[in-house]
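There are two complexes below, and they share chain A, which is joined by chain B in the first and by chain C in the second.
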Partner chain A sequence: MVSSSTDTAPDVRLDTVAVAGTDPERDQPWAALGLKADEYARIREILGRRPTSSELAMYSVMWSEHCSYKSSKVHLAQFSEIPQVTRAGKMLAGIGENAGVIDIGQGYAVTFKVESHNHPSYVEPYQGAATGVGGIVRDILAMGARPVAVMDPLRFGPLDAPDTHRVMPGIVAGVGGYGNCLGLPNIGGEVVFDATYAGNPLVNALCVGVLRHEDLHLAKASGVGNQVILYGARTGGDGIGGVSVLASETFDQSADGSSGPAKRPSVQVGDPFMEKLLIECTLELFAAGIVAGIQDLGGAGLSCATSELASAGDGGMHVELDRVPLRDSTLAPEEILMSESQERMMAVVEPADVAAFLAICEKWEVDATVIGEVTDGDHLQIDWHGERVVDVPPRSVAHDGPTYHRPFARPADQDDLQADGAERLARPATGDELRETLLRLVASPNLCDKSWVTDQYDRYVQGNTVLAQPSDSGMVRVDTDTNLGVAVSTDCNGRFARLDPYAGAQLALAESYRNVSTGGATPMAISDCLNFGSPEDPAVMWQFAEACRGLKDACIELGIPVTGGNVSLYNQTGETAILPTPVVAVLGVIEDVTRRTPTGFAATGDRVLLLGETREELSGSEWAHVVHDHLGGLPPQVDLAAERALSELLVAATGVVSSAHDVSDGGLAQTLAESCLRHGVGVRVDLSEVAGGDEFVALFSESAARVVVSVSPEDEERLFELAAEHGVPITSLGETRGDALEVTGAFGVPLEELRTAWTLTLPAAMA
Partner chain B sequence: MSRVVVDVMPKPEILDPQGKAVQGALPRLGFQGVNEVRQGKRFEIELEGEATEERLAQVHEMASTLLSNPVIEDYEVRVVQ
Partner chain C sequence: MRVGVVTFPGSLDDVDAQRAVRLAGADAVPLWHGDHDLKGVDAVVLPGGFSYGDYLRCGAIARFAPVMTEVVAAARGGMPVLGICNGFQILCESHLLPGALIRNDHRKFGCLDQTVRIENNSTAWTTAYAAGQEVTIVLKNGEGSFVADQHTLDLLEGEGRVVARYVGANPNGSQRAIAGVTNEAGNVVGLMPHPEHAVEDLCGPGTDGLGFFTSAIVALQNA
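== the complex of A and B ==
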């Protein structure tokens, strides 16, 4: 099949089901397509013959790590032990659909999901990141929801590395370019730098969508005689083998775009204006009530959409591949099945509704073609030039892929790593040294101002954005009459996860949960994007298994379900895996967004207080990373009961506190600095009641379950009462005043000096 | 002095949204019978002295590192004078 498209008369050599019968022992390039010998044997066993080249293409792409989750699914299975309910009741759709759907009250539901587009973004930063946004938006759209916001957690190599200067501007521009053209606000995310992401940046993309309960649509093809319609962009030769690249074991081979059948480029180019038409067209089709089933086309293209739709339905499916509108007429059937051309959707429609369906598509200038129908058989059958090239049980392609029980083992160096705590490192002793440490940290790549990135995104388009970067969470209004809203945050500290993947995953969840709560929203559900190294390394597999177990236990304890997500493996350069990076997105609901709690000190004369307990926890901290380039020890203690109490306090305290900001990376020092710089309001704090009066620990420890709040003097007593009711420790720090950050008895920094240090880093590095 | 032209085009398999937009606009302006439009870019480079093999090799390097994105674009180098 690899050479068939270059043949001037490909039909002569067309590999059909009939040919497979007459030529049963033909040599097939299963290894080059990423299949293992036992997997190829299994395909032959399922079919009772050798696969045709088109079938082989479908199986190879659908059984890849990226599509089949073959290494990860034994560990992901435990997420189903988490009760599929939120505080608002049973989930409307759970894991397994394109994206989970939760009830948020008033007849509304939201769906959200975070996915990775890491490898494509390394190969072609702009288009890789852009199509990552496009893909997650179509996932949300396929649930019947209107996409309302996006968010992008990004991770890069060191800020001063040459490759970071190649990939970062392209990735940021790609995220902004695609999302801005769609008219979707980008309300947050993360930007993190670490040496392990050099040569393997992480581009995770999240989308939130809103729908009415009655508009929920699930991906399935039922009803014999129903028509299968492909609509959206034409199919071209781009992104062929893209899915193999995503989960490629030998990533370098495809960096020059030379892998995949017939040497087609392995990247795709997106067209956000087409996607915008697709969104509006699809929502009108839903509103017209003429969609019986729907599926977006993403990784694995038509192979995925046809097999998944057919296996979710109750019959078979027949497709005439000749009817697929092509951008390039030389494409072979295998290539059409594998193409990852962007901005395409597939719908199942009752015959009586086809004319109306096509008319709506025409109105939006979206190409739509009936390419097949639902049959009463149990096979997916695909014809090309009148001959059958695919005849398979769809479930065997979509769901019955291989399952690996890969060996996993705690790395040999884990004990040494954990024994090497940062608590022993040399610390600043004097006030001047503390001051210098503060200035050095606020200017460090992970803690500095990220406006250079977020200013390239449109944060306020559509007029419903209530909070966005640099707030702890992004918040959008869902209903303009009642002011019902949702808040989302994504978080992960990969260093904590490296020190202890079980606790690290829980800390990622805890931070995201806390960030949603600081705005006054109640956490409801999570989506996760699990970025790890090679599953063939038992040490990496152990990290993955531990992170999954940590997430499951934490979700059960917090009473919050996983709605879905994505796994990205093989994130490594040579032998070096990335830091285990289980990014957790928490979505929360707020009844009235006008009662949200903002981030940052708003006025002078407010009391400043710390909620939660500060312990001496410096291992894995930004201080240890920046000042000592040290990673070792145990991450901060996880206390989910404390996180839950803190969250409930923050929700109860909306309208009482005038600002709230979470304490995490960089510790209390960073939280105070950001709170001051938000509106240029200074603060004087006395740290004698924090961490036993050790100012260094008070400022730079990264203990979890902490938030700094400001409150007007007349509401202070009420806040103390609420804290007591919720059992949350509360410590007075001082009050907002003047134009400097002052620590009594230690040092003071004028806000202008602080702002210069904080804001200069990224623009200077990217200049 | 010599003049070299570098033409950069999106690879044939790659979607070209700009070309597609132009193609969509042509019939609206009354231009019929256009099957496809693909849009690229052209660089005119003036070199000191003759366009020797060595200088042309440099132009190829410019083209593959800066003028084009070889992941999604092809280029052609030709000497015009």
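== the complex of A and C ==
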């Protein structure tokens, strides 16, 4: 960006459109900015000249994998085949906006989205995770919604790996440190450990927001003469190239973390206090009715906000870049355009409303500056101290990035992997061996108590949290008068997706859908965060393509739309990609949150029953993983019709059942253990009617479409009637009693022994 | 009865405190940090949160907010004032209460359902409870470890000014497991745990926290 000059040469320190004309063949650092040769050639073709250094900066970040979805969009396109309707009608805003918006009745709408912040969180765990929360919250805010809850699906390398002890405490503290300071309850998420996530931790962040229908705001800049206002934090040198050189590449030397420090300046630094002010300030601006268009500044910063706002409007925008308030006065225009400094928003405001806009910002002590205006042209034009440094068609930056039809192919080893099922593994035979297996599994990293993590998050703030972790879903009250509420769950079993990415993605959706229903809410829509390895590996691209196809087919069958989401690729160290991890978030609606079904046995003397059918499905299970370190075979069967019937039964049975808990990772054994430990209520079960009486299969199989419920004896008959009406298999297991988990004829475990095994793992590892 | 709830930049539990006040039967009046005006309220709650981002030191900047001039004067005049979490920190910084709150001994933020014992049920905010009653409310803080010099601690104990004490394992390293203290007159109370998160059966661990708010209303009615 800086060239040496001689006495006779013009001042080339500032590369302007005029300079690009007089010096057309200058060498440009397109490769260092993450662009490919053909992409650079395409930019020259669009502009009919070489880009200025500022234009090159904009294209490089906006055409990055992270922003342009260039490898993934040919597969994501099939989501448009899913009808954009929910049970409540047409979506109010769909894919392509900052976040999709759905009608939940009573004049309310909800917007939610899950995004990744994986790469930054590996390089700088605390700030990477913190700014992941900040980014998704601003996305929700930009739709006109008040953020009401967050969730964080997290994945780490093995619990005993040294780098996990660097990454995990920082990420958890970052999620908590930022979210707690915003006053947003953290109501769920996941904590998963697997060797493939070593060096590739996954930090996904979800936010839910609520708005009245009339408050919906879309990101567009229209109305000639309208003013473009940048407000929030000042722009600094942090996060430059975050989306391109950081999020869109693998860390080749990263096995020992050595490439981490070099990339640290590409990670943004968060200020949650500023974000809290920005939230309250923005909501007051919405309430005043003086926002014509709005966009948050996240990945790709001003490059993204200006080009997306302009291309969604009438196309013309003029910006005076030197008006942008800076933290560092030495920043060059290219750096200002690429900076991903946090806690910034851009609004389009009618001239008559500017004074009122600035007054509200002043009340909240938020800096606001008019930096440009909407023009009647069709170009985005950016000046630096009076000289034009950018003159581009905004769509070419925001939407006309490259599309790759990357080769994809079923991996050569997939057949061998699927042929190597868990049936061959040695199984516990005696009651004592079953007991030991149960204790070993509940203490394993993926199944143990996650309070060490979730106690660092505020789950109570705002006073509307009806359900939170460790419940199957998080649930918040939306209206204190009518008790309307929403529930959200996020799920994915990456081992299932490795065995069969099509089925694995459907199982992720099915589990999340089931978890929302378990609390008594009706599933309405999904958002997804698709975390995969390098798209340059045909095997990874096949996993991605299969997962997308699986999600599309499942959404169509279940009748729920995708409201939006995010793709994170290059989660790979050397040749080793992460387990394919299509995290699916399902949002459900419950008309009366006082009728929600809690998780966990609440009282002795209740009948305990299993809903759904148990098959011998142990491949990819936690049992095979923990006991045999085995991954092979086929994942559990997907039966979406059964999931739907079960979901409808659970919604119909609210007020009838006294508790409900999903059966998934760890099987029935884990569900019973968690149900007992929640309130310290024991259970005695007889498994002779489950899985043909094979107690091992009954306890540890991970067949889908199953839930354990408890019901008072007087309501048991009603539950059987409802199950029959919905065509859901129902099996009596036993009753809640005493202070032990007992399997008749096999073994018993005192709850205190069970609790000790379950709770000690994380604190001991992190001590 | 009108109970004011102050919103500072960075206050988070202000809406929760307002809801608790309403559920207790009083009118909740929002107060703004930048105003020299208590709007004629009969009592004031300083809510939890991260006022001014907790920059410099928790509560250290909020203590200089214009509204605090009025709160301090009113407190010295006998008005019931309750500081919760960050509000407790602000009361200590304002020298309305002794001691200070420092980082938890385990160095992490912690959010849990916490049982505390009401040690003094004669303050403006605790008359609804029996002395020695154990109540379960929410504790959530990063800097909730109560500290004071030995003389002050002995004084507080001797004068019965320890309002509430943690039961069971000490959750944050507070000296003598102190969860809340009061001033000499008993009208100003600082609590690290959050009673406003335990006022409805639906959201939070029961309704044990409601008594703090009903106590103040009764105290005002009897005044």
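In this text, the second predicted complex is superposed on the first by the 738 of 767 C-alpha atoms of A that agree within 3 Å, B and C clash if a C-alpha of one lies under 4 Å from a C-alpha of the other, contacts with A are read in each partner's own complex, and residues count from 1 in each chain.
One rule holds for everything that comes next: a residue touches a chain if its C-beta (ideal position, glycine included) is under 8 Å from a C-beta of that chain, and two chains touch if they have at least 3 such contacts.
Remember, it's a predicted structure, so these values are computed and weren't measured experimentally.
Using the contact criterion defined above for the overlaid structures, shared-chain residue A:D271 touches chain B and also reaches chain C. Applying the stated contact rule after C-alpha superposition, one finds that A:W364 touches chain C and leaves chain B untouched.
Considering which of chain B and chain C touches more of chain A, the answer is C. After overlaying the two complexes on the shared chain, residue contacts for A:G236 are found with chain B alone; chain C is out of touch. By the document's definition of touching, neither partner reaches A:D400: not chain B, not chain C.
Of the two partner chains placed by superposition, A:D715 touches none, neither chain B nor chain C.
In the overlay built on the shared chain, the residue A:V461 is in contact with chain C alone; chain B does not reach it. Touch criterion met: A:S341 reaches chain B, while chain C stays clear of it.
Applying the stated touch rule to the two superposed structures, the overlap between the chain B and chain C interfaces on chain A comprises residues 271, 273-274, 365.
Taken together, the chain A residues at the contact with chain C in this complex read 173, 176-177, 180-183, 271-274, 276-277, 364-365, 455-466, 477, 480, 593-594. For chain C in complex with chain A, the residues that touch the partner chain are 9-10, 12-13, 15-16, 19, 49-50, 52-55, 108-112, 138, 140, 142, 194, 196-197, 199-200, 202-204. Across the complex, chain A is touched by residues 10-17, 20-21, 24, 69-72 of chain B.
Every residue of chain A that touches chain B in the complex is listed here, in rising order: 123-124, 127, 233, 236-238, 240, 256-257, 264-265, 267-271, 273-274, 327-328, 341-342, 365.
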